[in-house]
Amino acid sequence: MNVIMDLCVIPMGVGVSVSEYVIGCHQILKEAGLKTQLHAYGTNIEGDWDDVMAAVKKCHEKVHGMGAPRITTTIKMGTRVDRIQTMEEKISSVVDKKD
Amino acid sequence: MNVIMDLCVIPMGVGVSVSEYVIGCHQILKEAGLKTQLHAYGTNIEGDWDDVMAAVKKCHEKVHGMGAPRITTTIKMGTRVDRIQTMEEKISSVVDKKD
Amino acid sequence: MNVIMDLCVIPMGVGVSVSEYVIGCHQILKEAGLKTQLHAYGTNIEGDWDDVMAAVKKCHEKVHGMGAPRITTTIKMGTRVDRIQTMEEKISSVVDKKD
Amino acid sequence: MNVIMDLCVIPMGVGVSVSEYVIGCHQILKEAGLKTQLHAYGTNIEGDWDDVMAAVKKCHEKVHGMGAPRITTTIKMGTRVDRIQTMEEKISSVVDKKD
């Protein structure tokens, strides 16, 4: 089962700047070979459900390992069985019709 | 690693009423032996990360199996390594101080 | 237009415990006369769109005023025009069918 | 008060394809003169709190007007008072350090 996810991991108790933790997560996502797209309020990920979920768990483990005592994560994720859809198609379905 | 999750599974393409799908998910969460609390915009779940995530996957599989061609899910989830915290403590930390 | 909202306000840069900020928000919601229900990962709110949104803004202003330099908030919110639905009905639509 | 928001509006009861509704929302955001960036699981918006919130309300009104009896929306939004931050800076704070 393929999933398209929007992942936003927020370390708590580490001060106001969290970019180093986001970078730590991106390294994990890259190492996992997942398709990703960073945006201004999270990271979109596309891949097999188990692969994506394993990477999300590693992100929590790494961010805790980097010193964050607490993490709150917000995820949106979509699956569909009627057809295969990529992140690019989700965007082009809006952009192409709009033009 | 323990996780407290707020899970909201939205089937798309099945009409406006989705309560039967929510019930289907609750059966899975119960069978998984997870601690749950239904609220007006989702279900709170507490348990071991892998157990909770396995149940979330089963929810998607079941909701698709019930006929939903597409699902969009919103999750908030928290982990902490400084101390153990339960769903009840999260609520009482607010209610008890308020009184 | 009525809205049912799940609100979760996370102050950043203030340490790991955030319950005092949640309490600050609850005071605002109460003063606004909104129907609320605290749960383990947020607060459900029901009311007129403008009243609810005005209260959310006041929550951000208050939490900043309490010393949080940065806030990240996650909201789920639902509106419907086919019929009126309350938070209680959303829960009972699941609980009653399940039994 | 400036806000950076990630907005995801999901019409329910209208079938499996929702791109026309997303386009309807984008027209509103454009007409409002807000800075926006579409991504694969929502739209990032930057602007004054009141302007952004007024546009979100118009999105719900328009999507209902287009025929959706029910809408569920997920929002992440951030405010900060320690300094001004743009959507571009949020991305570059990660990309620049990573390289």
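Some notes on this structure:
To keep things simple, chains are lettered A, B, C and D as they appear, and every chain counts its residues starting from 1.
In this section, a contact is a pair of C-beta atoms (placed from the backbone, for glycine too) under 8 Å apart; a residue touches a chain by one contact, two chains touch by 3 or more.
Keep in mind that what you see is a predicted model, and the values were worked out from it rather than measured.
Annotation: B-C is the more contact-rich of the chain pairs B-C and B-D, by number of C-beta pairs in contact. Listed options A-D, C-D or A-C contain a single repeat of the A-B interface, assigned here to C-D, on the basis that more than half of the contact pairs agree by residue number.
For this pair, chain B with chain C, the centres built from the Cα atoms lie 18 Å apart. Mean C-alpha positions place chain B and chain D at a centre distance of 25 Å.
Touching of two or more other chains is recorded for residues 13, 16, 69-70, 72, 74, 76, 78, 80, 82 of chain B. The residues of chain A lying in touch with chain C in their complex are 10, 12-13, 15-16, 18, 69-70, 72, 74. The touching residues of chain B, when paired with chain A in their complex, are 1, 13, 49-50, 53, 57, 60-61, 64, 69-82. Of all residues in chain D, those touching chain A in their complex are 4-6, 8, 16-17, 19-20, 22-23, 26, 37-42, 44, 46, 74, 76, 78, 80, 82, 87-88, 90-91, 93-95, 97-98.
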